[in-house]
Amino acid sequence: MLSDVFSGYDLNRLGGEMAIGHVRYSTTGESSLLNAQPLRVQIGGHPVALGHNGNLVNAAALRRKLETEGSIFQTSSDTEVIAHLTARAGKEGVGRRLRTALRQVRGSYGLVLLTPGALYAARDPHGLRPLCLGHIRGAWMVASETCALDAVGAKFEREVKPGELLYMGPGPMHTCSLGAESCRGTPCIFEHIYFARPDSKIGARNAHQIRKKMGQILAREHPIAADLVSGVPDSSLSAASGYAEEARLPYEMSLVRNRYVGRTFIQPEDELRRLAVRLKFNPLKEVVQGRRLILVDDSIVRGTTSRALIQLLREAGAEQIHLRITSPPYRHPCYYGINTSCRSQLVAAGRSVNEIETLLGADSLRYLSIEGTATAAGGAVDQFCTACFSGKYPVAVGETERPGHRR
Amino acid sequence: MLSDVFSGYDLNRLGGEMAIGHVRYSTTGESSLLNAQPLRVQIGGHPVALGHNGNLVNAAALRRKLETEGSIFQTSSDTEVIAHLTARAGKEGVGRRLRTALRQVRGSYGLVLLTPGALYAARDPHGLRPLCLGHIRGAWMVASETCALDAVGAKFEREVKPGELLYMGPGPMHTCSLGAESCRGTPCIFEHIYFARPDSKIGARNAHQIRKKMGQILAREHPIAADLVSGVPDSSLSAASGYAEEARLPYEMSLVRNRYVGRTFIQPEDELRRLAVRLKFNPLKEVVQGRRLILVDDSIVRGTTSRALIQLLREAGAEQIHLRITSPPYRHPCYYGINTSCRSQLVAAGRSVNEIETLLGADSLRYLSIEGTATAAGGAVDQFCTACFSGKYPVAVGETERPGHRR
Amino acid sequence: MLSDVFSGYDLNRLGGEMAIGHVRYSTTGESSLLNAQPLRVQIGGHPVALGHNGNLVNAAALRRKLETEGSIFQTSSDTEVIAHLTARAGKEGVGRRLRTALRQVRGSYGLVLLTPGALYAARDPHGLRPLCLGHIRGAWMVASETCALDAVGAKFEREVKPGELLYMGPGPMHTCSLGAESCRGTPCIFEHIYFARPDSKIGARNAHQIRKKMGQILAREHPIAADLVSGVPDSSLSAASGYAEEARLPYEMSLVRNRYVGRTFIQPEDELRRLAVRLKFNPLKEVVQGRRLILVDDSIVRGTTSRALIQLLREAGAEQIHLRITSPPYRHPCYYGINTSCRSQLVAAGRSVNEIETLLGADSLRYLSIEGTATAAGGAVDQFCTACFSGKYPVAVGETERPGHRR
Amino acid sequence: MLSDVFSGYDLNRLGGEMAIGHVRYSTTGESSLLNAQPLRVQIGGHPVALGHNGNLVNAAALRRKLETEGSIFQTSSDTEVIAHLTARAGKEGVGRRLRTALRQVRGSYGLVLLTPGALYAARDPHGLRPLCLGHIRGAWMVASETCALDAVGAKFEREVKPGELLYMGPGPMHTCSLGAESCRGTPCIFEHIYFARPDSKIGARNAHQIRKKMGQILAREHPIAADLVSGVPDSSLSAASGYAEEARLPYEMSLVRNRYVGRTFIQPEDELRRLAVRLKFNPLKEVVQGRRLILVDDSIVRGTTSRALIQLLREAGAEQIHLRITSPPYRHPCYYGINTSCRSQLVAAGRSVNEIETLLGADSLRYLSIEGTATAAGGAVDQFCTACFSGKYPVAVGETERPGHRR
């Protein structure tokens, strides 16, 4: 958390008229202090800082090439590849050099680059990662999500377009395109399902309402007789209330989330993950005892948490547990930033829904259709990146670029 | 947070068969490292550790007396008074000395004391602070709330009785009474209203359900025509859903809480508090726009947050905002542990409900009656400490012992 | 080192008109942060700070008694005993209470005690530890050694007398005696031999000159044919130059001391101590090769260093090594502050000089007589505490008070 | 100090068969943590570490060129230039690439470079900085000074030759030359005068004895009637004893150095420097009072210390103070590593000896001749770099490369 790193004193000492920040936990490279962002480098004798949300799929190949040509890397992060490409992109201004650099990378990015005189912002040509533009008291502001604009009182202007590069500095804002093709983009549908904060706006719609809609469609697609509907806190509460409304069933709190469980106590092993779930969620016995429960969740990745939750609720006395997921089965690894582990760790990979149902121990398990998901998100299926469900990757990923073990 | 202080490595190194811990932010004395609990002292050459939840009302007087007699205090915490009284209580065993010491203090406490050979636990004669007993794999466990038992898989046995002192060590558990009077206790009603985690059990009832009941009674006591009911997250969601159910109105999320706002950024000044509220809560414009809203909260202390929330919701487009509070007006300072500021900072002190309504800018403001509160909590009014509402303090507090400025 | 603990910034923030400091590494109790001095306590609600150079021989007994009466100790240091005795010494002013407290302790001390309004200084009745008084620009200053006065430009006034208690505060300085007996004191002779910095004045004489004198007397008592005289740096350079002058032999540097060997790398085991000596001292081969060498040292405690030095010099080619010590054999543990280990670790305990000579591998070993030592120090033998040589302890030490294993 | 940075625990965890270390305080670039050596970089995907003693005079120009070509620097240290040149030097092995890189740099260096498989060591073609080779139990060791070999028990083999590059790895040691010219080198004469530890060997001679010889020649060149000879501790004690021996005058300690004055307390301003001298040196009044004193020092840079010492000794009662310096007047800045400030800060720049004498307040001031200095160091004047005395720089330094304000 920022407040663990910066004191109010630190923040008050910051001067200047422009700033960038990033709370990225590294998606590529080790999660070490060295990889903390913004990345600060000297390019041509001038300080430059970069913040990068996303994941480059050809970073390893570009890095090998740059190292062969004599570049010295400081970090193991893919973001540094952009810095070196910019440093080597001729003798023009930073903006043109950044454009040259970005045309060589493939993958997902919402990017900000700060020089002593200007701020640049760019979004990848497929718009896989979100980036929005706002303004406050005559200043521009870009952020991944609109809730960041709200927090400081900035007004939302528009989304940065897929493949757009913005210049904000002395004089008016400039914009240019990173490529020739006019791309409307295929934004990641998981932003709608899970990533975005409920108070953020994605496209023209509010994330909470998108998820409530997903719950409603799910209730229509997969109804079942039950006594109450609950969501897995906090991410699935919106969807659960939508399901309950549509199904005309009571919406109830059946799991309490312990906000004070630090990551320290969570161990990576499978058995320990189950213990960790018990530490993190406490079922309300008085609520679930002897009841038929519909439990709504946004997705199932490894399945460990879902299985442990179902077991917890059974021990607490629930008579039936019907698991309802507001997205299709997650069967293919994401190479653009979600950082899912390799295919073998995805519980839905190579399994039918019936098999997963049995594995998790649910009385029934149903997933929202991909069409239902897209409809709730406000578009057609082909208007989104749905690679994790369909295996159709908008940006080709070479065999050698598929990390065997991510995260 | 514990995980900011202890690493998994630290915890793994801990050996032994008994342990105590405490996450108290000091309620008396400065909030300094020195006052961090458990307090560790040497009594008669032996190490003793104390954890104390609560607040002694005669600590200052006892401390002056002990210092006059030559005791040297290490901290400014009231807990150290108990340590010195125990050290001076004759030459018997620690248990008897602790009993002698506790008979001299007045106020509220859930207390644990660890020696190399035994664990003692005590609850104040009025039972103002909670303390419960559980067991896990042949071991005893005491905790302030039952959710701590659940988290580690311990079974709830019973509440520690008001005025009870427990010995847990080699041999069977002993119990004795701290005083002659047979006291049924007057536990703090605020545990039911706000303090306890929703998954904890207080008395025989679950906190979430108690609060849902409060919401239901409130809906009956103070109905109003509206489009939707929302709670202030996270503490008032249970109550809000109870109100919505009883009023047969849609229960909706109208405020999103930002979980990543650290305390660093929150400044003490009044104007800054309002900014802080904006950083902490984001209204869902799409939900509230043009709607008549019932906003349920558990209590109003200073009123700053409530006023800022109402303003935020109005700016987001809410047409009407009706504030409903699941407790009576908070008019008298608490000396037993809630650490409310002096009377002058309580917005309800010396003001009628109408005056508060105007001050906060709500379209209407209504409070739950004290009888309704007690009924939901499962008893009669006189079975609880309701001093903060009524000014009737179960433990007398001398004029000199009322700190002018707490917290 | 102070500069490792305090920054210039820290020091500049210090305000006020009075201050005390101490760089004591604890002589009693563990060498932990908690035992760092000055010790700060609250006595009767007022802050008091103590700095104590020396060692109380009845601290353990007093502590047991105080704990039985209900005092709670924070540290394992003997200095805290003085604090508790002061706290319990009636209701008079701190000065009188300190006097009452000091009349109960036995052992050695140079003591300073600071209250918000005054500074007290006291020296034990035997004057075992040094304490001197100076003044600078109208202010009083006390310090263990006069070189501290020089460092800040203060003028030396006089030594604090054995058994004297000084008050420095508003109004003129007061002085009173701690006891009835008129004691001229028996200061520790080791201050003259080793402890005092060469630029300090002890009694009326300069330490460098006292040690040069010791070297001269030693040359007269134990002459030997040799090519050159060297001292073990840095402590014995004065004595070695005195020996060389008297013996009319060249004074040469034959060992270079490595100033950058931190304590970290020095391990406690015997074998490792020898390696540590090699890291700490480097012989000048070109100087010692084929030469007959007189090596002057101030004392031999365990003998490990001496033995390792002799071996180093032999390996560097020295033909003969004659060890000359400017004090008598160190045979009895010191209980007043030198912190020598128990008797079994003193190489001279139970051994004749011949036996030690053989053990250390020197061609010859001679010690300065006790009369010669005292003469150089400027007095008769009975005017000093020479317990470590003679076993005659000026302050009785009970059997139970002799720690089996010090340091 | 190493022991402030590494614990014994840290050192014990180090595994492997090769290691390098460096305690360089940066001579070029800021003295920041980032510039701490060894410098660790990734070259072509492999980790490489560099330690560099010395100073490159064309680092700034090379850096500008490299940055123009797209290299990204991490530090402001000149050593990183060598890393980037090595990274860009074709596709051969690290050894050949390092050789190519070193042929592009100008200035002084003793360099070690560690790869996972080998250790390289190189000395600049003029041999300005020292580098020696030793062996211990079948392993090679290189160090700036021979005393480092002694400290761990390694045997001295020979000096690394000016312009020599050594390879130590699997198989026998290789050596090659960095240039075509057969250079005998002109090592820095200040190593003999001041830098080397007295127990190190430079060329074939011991530093202590070289300095003693300097003192002897100085006594012959500039005799004067006096009562005693003293050196400024610790660096000039060898020279002072040589002077005393030759002059047949008593060698005495007249200044005691306070070893515990940390850098924290030393302030940069001129007036404060004088106070700092008083804190660092204490004169022995009893020794100097009423005496005619010859004070030997190795060099005078700014003159602040010398002036303060003379004043201190006068206040302590010295009747006459004759300052004797074992090197010629220091008049020209050093660009190869001594890090003297710009010319304007050198007290001897643009001043005659008489003028300096007056400025410092000495009764007389005399310098050792350059021939005398070279003779004591064991060679002719042209066999050393004496640029700081003569202004004749062996490696040309461009106007733009002369930093106005070093250190």
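A few points about this structure:
To keep things simple, chains are lettered A, B, C and D as they appear, and every chain counts its residues starting from 1.
The working rule: a residue touches a chain if its C-beta (ideal position, glycine included) is under 8 Å from a C-beta of that chain, and two chains touch if they have at least 3 such contacts.
Quick caveat: nothing in here was measured; it's all calculated off a predicted structure.
The chain with its CA mean position farthest from that of chain C is A.
Chain centres here are Cα averages; for chain B and chain C they lie 56 Å apart. Centroids built from CA atoms put chain D at 66 Å from chain B.
Put simply, the C-alpha centre of chain C and that of chain D have 36 angstrom between them. Under the contact definition stated at the top, not a single residue of chain A touches 2 or more other chains. Here the touching chains pair up as A-B, A-D, B-C, C-D.
Contact residues of chain A toward chain B in the complex are 1-4, 6-8, 11, 147, 150-153, 197-199, 205-206, 208-209, 234, 237-238, 241, 245, 250-253, 256, 258-265, 267, 278-279, 282-287. Across the complex, chain D meets chain A through its residues 41-45, 64, 67-74, 83-84, 87-89, 91.
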